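Some structures are shown below for you to check.
Look for subunit A in each of the two complexes below; its partner is subunit B in the first and subunit C in the second.
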Partner chain A sequence: MSGILIAEQILNGLQSGVMLFLMAAGLTLIFGVMGLINLAHGSLYMVGAFAAAWVAGATGSFGLALIAALAGAALAGVLIEVLVIRRLYRAAHLDQVLATFALILIFSEGTRYVFGSFPLFLDVPGALSGPVTLPGGIQYPLYRLTLIGVGLLVALFLWWLTARTRIGIQIRAGENDREMIAALGVDISKLYTLVFALGAALAGLAGAFVGAIQSVQVGMGEPVLILAFVVIVIGGIGSIKGAFVGALLVGLTDTLGGIFLPQVFKLFMAPDVATQTGSALASMAIYIVMSLVLIWRPSGLFGARA
Partner chain B sequence: MKKLMMSAAALALAATGAAAEVKVGMITTLSGGGAGLGIDVRDGFMLAIEQSGRSDIEVVIEDDQQKPDIAVQLSDKMIQSEKVDVMTGIIWSNLAMAVVPGAVAQGKFYLSPNAGPSALAGKGCNPNYFNVAWQNDNLHEAAGAYANSAGYKNSFILAPNYPAGQDALTGYKRFYEGALAGELYTQLGQTDYAAEIAQIRASGADSVFFFLPGGMGISFLKQYADSGVGLPVVGPAFSFDQGILQAVGPAALGVVNTSQWSKDLDNAANVAFVESFQAKYGRLPSLYASQGFDTANLLISAVEKADVSDADAFREALRAADFASTRGAFRFGPNHHPIQNIYAREVIQEGDVFTNKVIGVALEDHADAYAAECKM
Partner chain C sequence: MIPERLITVAVLAGLAGVALWALAMDTPFTITLATRAAIFALAAVGLNIALGIGGLVSLGHAVFFGLGGYAMGILAYHAQTYTTLDLGPLSIAGSKSMPLIWLVAVVASALAALLIGLLSLRTSGVYFIMITLAFGQMFYYFAISWSTYGGEDGLSIYVRNGFPGLNTLDPIQFFGLCFVLLCLALLVFARLRAAPFGLALNAARQVPARVETVGLSPLRLKLVAFVISGAITGLAGALFADLNRFVSPTMFSWQLSGELIVLIVIGGVGRLTGPVIGACLFVLLEHWLGAMTEFWHVWLGVILLGIVLFARGGIVGLLTGKAGPHV
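Let's look at the complex of A and B:
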């Protein structure tokens, strides 16, 4: 196992981690501020990817496609917040799960109705396609490097937004005591809509970025949603910092585990058995990490509430 | 639950009523990520029924949502309350394993338009079960045979970690004679293959074989093309069917894949099928559509010869496979699985559309490896 391969896998882990962060950040904000379990977050990811694929197909511009993904997902987010979610803030978590699960079905079949059952085409923009050679002779796709950069920028922006702006203060206050900040004259329902739109836009952005190297199809959001929930549980619900650390942890564990566990098992097992056992264990690795973190810190790494 | 009753009887006004009605229960995947496959099978099947102009075949269609438990419920309903005579439609091997043994045990005929698990081809074969597509291993075996003829000596092979994925690698290795640079099982439904591609790059392989059906294949091919690894790729048709090639785009150009059917196979039945499918549905057919079409035509050929209530005669009529297949020559082996040519195809671009072109026969008159274990 060469150093180049290990370095490349670490980059891969980082890249999947930062994209996961875009999903998890929105989810943790919505859960933290509004106390809402939003299963439809994966659908917003899908909406972003479909909006991007559609606009890229019509105009040929990846930049416009990204704007469409942000706008499309934010708009879908505002719509469902105003029409459905708003009625659920005071409801039990089970009701929220039920309603947002219904939204998944509505979004999936609605998307199928509009775009058909076959996956759409969305490609990496020409300027970012192909590999680049990094110091040390590592060949790495330029697009994935760009994703790492963009993800880190978004993380920085979110930190600035929550730590340094008035809106951020209101969001953090809303997490702690929603009655009190309403009493202080903050329009809480407007704030909720804003947070929801922000979370939705981030999910849509992730969908568009990832859609270019994956398959843009109905149901693409659900696997990512599950990972995003793992991330926010590890990081601590409501914490942007926790979502960031958790996303990188999950991304790296998932990538490195898939590669190195079969290698480790090969040291003392027949190769084909080692491959199967290693792969099986690798798919469990993130859940094992999650349980270890929860044993050590039951409210997650940066969780405020127990 | 969506329920579609499509009756050919509705087309013909006053049916003569002389022939006995044959009721067909189709359980297939019409929603969720795998819906494209089921929709193609359904559309191909219904096209053949419509073209036959027969008023005595009624088809009941239900959506299994790609879930084994739903498929079993639907199957019970079709057998007990709809009282169907023949069942068909299932795409996925795990669903087929849940439904087929029960259905044939209750005396129903089952015509598989897609799934061909090895368990139903060998010891678990049944006189009332016919597979009109292929046994699961077949296309992978053909890919192995093609790899030999292309001179590949050191393949890197990968497939998802589930039964059909294990069958795929087994099938490839059964015919491939070179060495293995690496063998990987990925997660089912995995969407990011960066880690696997890095291993391929580091492995010193001279070729890559992969079985990643549907969206998994789209993701892999796009990422593989973007990684600049550039080794030749070979795989079964499941990642190169007409439904997903447009989503893969230029990344798939030139890739060789193996299939029992191709749009450009030059026989009268296929030319007419491709033209009429395109005219009716406004898209090119996939191999799944051709399998649905062939399944319906097999059924029609049997209905013409025998009454479904006479099970032995009907079974003989099915076994004769006396219909014009879109694949050209088609016959059943002793375990009711096809003996057929498997072709090597190359992905090409025709105008704006990505499609396949036959470049040769990978395996001629190929039967599956399990037929000898079947006693019936």
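Let's look at the complex of A and C:
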């Protein structure tokens, strides 16, 4: 096993990690501020991807596609927040699960109705296609490297937004005591809509970015949604820092496990049995990590003590 | 308002009546639909113990449904290929006998429920929902990557398994078997709900601190409920696999876990016949709306939203005029 291969796989793990972070950050913000478990977050990811693929198909511009993804997902987010989600903030978790499950059904089948069952394709922009050579002679796709960079920038932006701006102060205050900040004259329902739209836009952005690597199709959001749940369970619900650490951990475990576990098992097993056992175990690796974290810290790495 | 006991009798008589009427009219497909409803109802009765009495919103109950299905699939696969199942030093012969398959399904699901429960009950609320969902996904991907038993394509079983003294290939006899099991599960649910255990569990859902003060462990109560719940859903999985003579990883899918919760909520959470009414309606919707439009899930979503936002307590709640337990 060469060093170059290992470095490549680590970069792949980072890339899927930062994309997971975009999903998990929105989920964890929405839960932290509004106390809402949003199963339809994966649908917003899908909306972003479809909006991008559609605009890219019509105009040929990846930049416009990204703007469409952000705007489309944020708009869908505002729409469902005002129509449905707003009624659920005080409801029991079971109601939140059901209502957002219903939203998934509506979004998925609605999208299938409009765009059909066949996947759409979103091309990597010309300027970013092709590999670059990194120090150490590693050839790596420029687009994936860009995604890592963008993901880190978004993380930095979110840190700045929550830690350094007035909106951020209101968001953090809203997590702690919603009545108090409402009494201080902050329009809490506008703040909630804003936070929901922000989370939705991040999910849509991730959908558009990943859509250019994989295909854009109905149902693409839910596997990512469940991975994002694993991320925020590991990181601690409500913590953006936790979401970041958790996302990188899950991205790296998933990518490296799939490549290296079969190799490790080949050291002491027959090759076909090793591949089988290794890949079966690799598919479970992130859940095993999650279980270990839970045994160690039931409320996640950075979660408030429940 | 209608008493709950009357609803129970009416619903069960209705389900059995539909199957018998279909027998008289010679429309075996309707019997199959009724069987499907009975099996989904059985799975949801299992979940209703955890969700309705214990307040545990498990979004991973498809794990047990799938394990039951694969218990049937694996045993029957070895029986039909005349091979043995080798587990280290142990070598087990396959089986085509339903009682044995059910036993394996129930034990396997109970063990999985014990393990998942021990881990996920350390947390509560949203964490619990997300963790059960994640474990469900773990089993799903495991089943996909495990190519010995068909991987993503699943396993086909050519002949339905047998039950001593019955011809299970006859739709009405197989329906009878599922229906009797459903009634037994309903009996277990009713007895459990009224027993000291059920009362304590109910209390543990509402005020865990007080339950602890009187010397009971809420964690242990919930764990026992989760295990019983998983075992019943596992049994339903084995029956479902036998109905289709096919198992695949979709039996583990999270959509199925969601649909099981939906069944219960449509019928009424924590109600005896809530899951049965929900399952019958679900199968009817699937059949009728599915025949009208390919996109029937949109309408299922709209109906569900309506129930959550406007009709708390489900159908049993509407009929009896009493609010259900708050979960």
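By definition in this document, the second predicted complex is superposed on the first by the 305 of 306 C-alpha atoms of A that agree within 3 Å, B and C clash if a C-alpha of one lies under 4 Å from a C-alpha of the other, contacts with A are read in each partner's own complex, and residues count from 1 in each chain.
Here is the rule we go by: contacts are C-beta pairs under 8 Å (C-beta built on N, C-alpha and C of every residue); 3 or more make two chains touch, one makes a residue touch a chain.
Everything numeric here is computed off the predicted structure, so don't read it as measured data.
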* Fit or clash for subunit B plus subunit C once both are placed on subunit A? -> clash
* To do: Please work out whether A:Phe101 is in contact with subunit B alone, subunit C alone, both, or neither, and reply first, second, both or neither.
  => second
* To do: Look at A:Gln15 in the shared chain and tell me whether it touches subunit B only, subunit C only, both, or neither; answer first, second, both or neither.
  => first
* Looking at the overlay, what does A:Ser129 touch: subunit B (first), subunit C (second), both, or neither? -> first
* Considering only touches as defined above, state whether A:Ser283 meets subunit B (first), subunit C (second), both or neither. => both
* Which holds for A:Thr255: it touches subunit B only (first), subunit C only (second), both, or neither? -> first
* Regarding the shared-chain residue A:Asn176, is it in contact with subunit B (first), subunit C (second), both, or neither? -> neither
* Please work out whether A:Ser299 is in contact with subunit B alone, subunit C alone, both, or neither, and reply first, second, both or neither. => second
* Asked: Which of the two partners, first being subunit B and second being subunit C, lies in contact with A:Thr59: first, second, both, or neither?
  -> neither
* To do: Give one of first, second, both or neither to describe whether A:Met220 is in contact with subunit B, with subunit C, with both, or with none.
  => first
* Structure fact -> Stretch of subunit C hitting subunit B after superposition, from 147-155, 255-263, 273-281 or 309-317, is 147-155
* **Interface residues of subunit A shared between complexes with subunit B and subunit C** => 108-109, 112, 223, 276, 279-280, 282-283
* Residues of subunit B defined as touching subunit A within the complex -> 31-33, 35-36, 39, 161, 183-187, 189, 191-192, 194-196, 198-199, 201-202, 214-216, 218-219, 222-223, 226-228, 243-244, 246-250
* **Residue numbers on subunit A that touch subunit B, as the complex places them** => 2, 4-5, 8-9, 12, 15-16, 108-109, 112, 117-121, 123-124, 129-131, 139, 141, 143-144, 210, 212-220, 223, 255, 258-259, 262, 271-272, 275-276, 279-280, 282-283
* Note which residues of subunit C are touching subunit A in the complex, please. => 51, 57, 59, 119-120, 122-127, 129-131, 133-135, 137-138, 141-142, 144-148, 254, 258, 261-262, 265, 269, 295-298, 300-302, 304-305, 307-309, 326-327
* Asked: How about subunit A: which of its residues touch subunit C in the complex?
  -> 31, 37, 84, 87, 91-95, 97-99, 101-106, 108-110, 112-113, 222-223, 226, 229-230, 232-233, 237, 276, 279-280, 282-284, 287, 290-291, 294-295, 298-300, 306
